[in-house]
Amino acid sequence: MMIASMQGVVKRYGSNIVLDYVDLAIDEGEIIGLLGPNGAGKTTLIQTLTGMIPFEKGQVTLFGDVKAPFSNKNKEKIGLVTQEITIFEELTAKENLQFFAGVYGLKGEEKKNSVQEALEFVGLSDRANKMPKKFSGGMKRRLNIACALTHRPRFIIMDEPTVGIDPQSRNYILEAVKKLREEGTTILYTTHYMEEVQAIASRVVIMDQGQIIKEGTVDELIKTIQHEEKVKIDVTDAGQIPLNKLESVTGVKQVNVDGNQIMIISEANSGNLDRILSLIKAHAGVLGIQADKPNLEDVFLTLTGKQLRDKVGEE
Amino acid sequence: MTIFWFSLKRSFSNTTNLIFLTLFPVGAIFLPMGEVWPFLPYGYQFFGIIVLFVGIRLATIILEDRAKGVVKRLAVAPVTHFQYLTQNLLAFSIILILQSIIVIYGGVLYGHELYHPEWLLVLFISFSFTSLAVALAWISLYRSKETSFLVYMSVIFLIVFLGGLLMPIEAFPDILQRIAVIFPTYWLSEGIVWIVFGNDISEFLLINGVLWLYTIIFLVIGSVRRIN
Amino acid sequence: MKTGLDANFFINGWRFLNIILLIHLWIIGDSNAGNFILILLLLLLASLRWRLSLPAWSVLFDLFFCLLYIPYTNISHYGLALPLFELVLKGKWLYSVLLFLSSIILLSSSDFIFWHLLQAMLFGAFSYFTLKNQHVQLERLDALRKSEYELERLKTDLLKANQSTSQQARLLERNRISRQLHDHLGHDLTGASLAIQAYEHMEDQQKAEQLLEEVKKRIQRSTIHLRETVHNMSSTVMTGAERMEEIINDFHQFDTSFKKYGDTFSVPAYIWSLLESCLKECLTNTARHSNATKTDIDLQVTDALVRLSIQDNGTKQNKKTQFEGSGLRSLQLRTRALDGSLSISNEDGFLVVCVIPLQEGVDRD
Amino acid sequence: MRVISTMKFTFFRMVREYITLLLLLVVPIVLLTVFSFVLEGVTTETGEPLINEQNVIFVLVFQMFGGALAMAYIHTDFFTERKQRIYALPFNQTLYAFSIMVCGIVYSVLLGIVLMTFSEFVFGADWGNWLWAIYIIFLLALLSNIVCLIFTFSVNNFKIAERLSEVYGVGFVILAGLIFPVPGNDFFVFVNTYVNPITLAADAIYGMNQSHAGEAWFRSNILLIASGVLFIVMLILGKRKIR
């Protein structure tokens, strides 16, 4: 079943086009990783998809509802995990959840249970009555997620849920997402962390300049875009190795030396590892070889020439 | 009504707010009587200032929601922006009404001469709503809680002064007397003068009507929903 | 988010300026507190119009309030400018003219009010047309882009058809070549090879000499045939990577470096034409708008894709000259028609990356 | 002296706090304007224009809040995450804290002088001997800074310390009877004659104007001695908090 879709959606701020005839379809049970650099239109896409902001043209469908996609009935089935930590600092963790459960119309026993469940889900049961002021960044993030889960949504939108937190909490959140996936929840996930998308997304959508420029599974994307191979070779004495000779081996594009590690980038399928190794062995001992597989980061770089990561530094 | 209850809870959960909400009104009861002016004890003449302060303190809760992005969550939740605003304002107005009741009732118990306490209560309640609406419109201009509060303090001082709450308006130069009418505080001080000297009830109703007109205008201006 | 100045900004500005005018008139005029309520009521309606879009009949309220106060204050005469403005803004010409004339005639107001109401009408009309134009303009732009995208889709289909045609042509050509080779060379070479085999077993010296002469003749003939065939088949125009190199070498304004990797022969011609225009566009762009001294061009061909990246070392340029004034936008569309992507960035020098996938099994076999 | 090189930047930080500039410079100018407009032509019993007195009091009132800036800076530099960085620097931390205070005082006095000049030239307020007026403004800024820092060092919650500093300012404004008249009993008279910094400073300036030099020196010396005593208190409290 189709959970949500956008057809030819155009969104403009003044004369700036932020979404340019965007088409997107999300099926039930999918986990979609939405990638894109700063200003690509990711957040705007989420905001139009949830009816937060109006748009100029096109059509949004939620749960098959074309006429009134943003009715309260449909909104009750959506959970939004915001990019900022949007919780009340002056209310306890439990009260925060009660607030959102109440806004979603849960009452009495049902509310109590769902709040308890959400707390357990993110592992904050033992801190239910503590003020979030005293929480660590990761715990706040987890509470931030829990606030979107109390009403057991079928479709969860997560806008950078793991920005700036410790690896442990991040793992916790990723595990939680996997658990949600197993329960059949559909998830739209934006992040800068490629590993996360690689680990959990069933489909990746890459945006740039208000348009979706590529979509597919992680493997598909990597396969189509793979155009170079990276090999790192640890040697006993890098100084002895004639670099210009290495560079002239067919297929080799670049040779970098870092201490006693040599990194060689060559064309895809060049099959030159033997020659490289024999060349190196003639001058120094080889301690270890490590071949880097291309990841989504490389996919992104190939497609746009931009780094996805540099945004993290700004935050 | 979840938003309503939690709004009440949040209003009381912060120490500074507690002081503003309880200590100041109670303190106002015990302020002395002036010699020639004002006609009511100082605490009652200046209660409008407290109401304005409390108004902005309460309204910054909405500003905080916006700054933190909670409004984004609520935009996706099955509640309208209108419900969100009305429930918040309802909670705030209940607090302000309670305060007015405490101040008037306390004053009567303390033995102040308040002429028509019941009408004074009506006047204070009307002004409370005006103050809330003004604060709501004010915070719709700002992103930072601190800045909006600090600048508002200066603005409060000006409108309170020019509206004739700190000094009798008759002492002003002619042009300022005319300009004073523009400020909602002028109508509060007019109302207080009516409580002491007035007898034509229609005049008092007009004064309250103007305060309500201000309330609606500022509510309309402040009701804008800003996501980013 | 960058937002251009909206016409609505000026419309609301006009509304509130008018309220301020009324307040001013009130202060210098009668300054009766009761009449101030009229101004508040008009302010209320103005702020409602600021926040919501009220229907045209809502001007009845303004009119009603103004009429109500006509016996008391002449501020209401000035206040009539507001409903008049709103009527014109909504395009209700008839009503607005009626209102204008009736207020001039019936109220026997001063000249000043006449001019005030007239300017209200004029500004209203101006705003009406501005808003309308703005709307029409945006609609047109949207429609334009949409048809562009539809065209793209059509082009993609055409290209696909084109591809299969070129594939067909290639197969035909290959058949022709093989037949030609077979006809011209096959016969002689087979003969020569048989003759050499025979020569090995030959004992008669003279006959052997003769046979060798025969082989020599046959090989000579086939060499000529081969040369002729090849000469007939190879084109005289440069294509592909060579052509790109030529373009780059023709550029002398700044340093260029060109690197290519992979099997450039596997790239079909229609992709070359796109890459070529992309390269030209970028080079002329850099030459024209940037202070760059060096451009690195990097062409990579793999089994799955062609990637052309062009990076110069210019410092940040004016965005306008880059994006709007250049043909990059149309190139972007063309790339998309080929299922590829073209992305532009000017964070560190000017960088254009064009990626086009190669259909597996279609173009290479 | 490494600390001295930082003072320039502390000063930059202060000048670039636009909200402080707004509250301590623009707002007083606006209020001065409004007051002068309202009180134009009104005279006191002695026949002097009322604005004279009002303007002087006004400028002095704003000096009461001049300590807030140094207080905020000491807090962020010594009691928040930035603390580690500051302590890791190879200079004398106490001296650095002291330099922040000096900057705060200088900045506050500068704003006071601007206001003074403004009221003198625009509204014709009579400040008498300028040097004396600046000296009194300086004393008030000094006292305000010391008091604010005492709050910062003695209260753990900075929010509460901030509120206390506001109570110090607003409280003495109310005690001075500027918002509404205070009862004329002995207690209030005593406080306003010997304790309240605003009235002390105002009396010192009036005293000099009306050539009661002895009286004026007496008031200003109370301020000076109070600053001296509180400075020692501040040092003791500060020693516990800043190494």
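For clarity, chains are labelled A, B, C and D in written order, and residue numbers in each chain start from 1.
Methods note: a residue touches a chain if its C-beta (ideal position, glycine included) is under 8 Å from a C-beta of that chain, and two chains touch if they have at least 3 such contacts.
These figures come from a predicted structure and were not determined experimentally.
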item	value
Winner on C-beta contact pairs when B-C is weighed against A-B	A-B
Between chain B and chain C, centroid-to-centroid distance (C-alpha), Å	54
Separation of chain A from chain D, taking each centre as the mean of its C-alpha atoms, in whole Å	53
Inter-centroid spacing, chain B versus chain A (mean Cα positions, whole Å)	47
Geometric centre distance via CA averages, chain D-chain C, whole Å	61
Where chain C touches two or more other chains at once, by residue number	1
Topology of the chain contact graph, where touching chains are joined (line, ring, star, complete, other)	other
Every chain pair meeting the contact rule	A-B, A-C, B-C, B-D
Interface residues, chain A side, partner chain C - complex	8, 10, 12-16, 18, 20-21, 56-57, 208-209, 213-214, 223-228, 251, 253, 267-269, 302-306
Touching residues on chain B, where the partner in the complex is chain D	15-16, 31-32, 34-35, 42, 46, 146-147, 150-151, 154, 157-158, 161-162, 166-167, 171-173, 176
Chain A - residues contacting chain B, complex	47, 50-53, 72-73, 75-76, 78-80, 82-88, 90-91, 95, 98-105, 147-148, 157
Sites on chain B touched by chain A in the complex	1-3, 5-6, 9-10, 13-14, 68-70, 72-79, 227
Chain B partner contacts - residues on chain C that touch it in the complex	1, 23, 27, 31, 33-34, 36-37, 40-41, 43-44, 47-48, 50-51
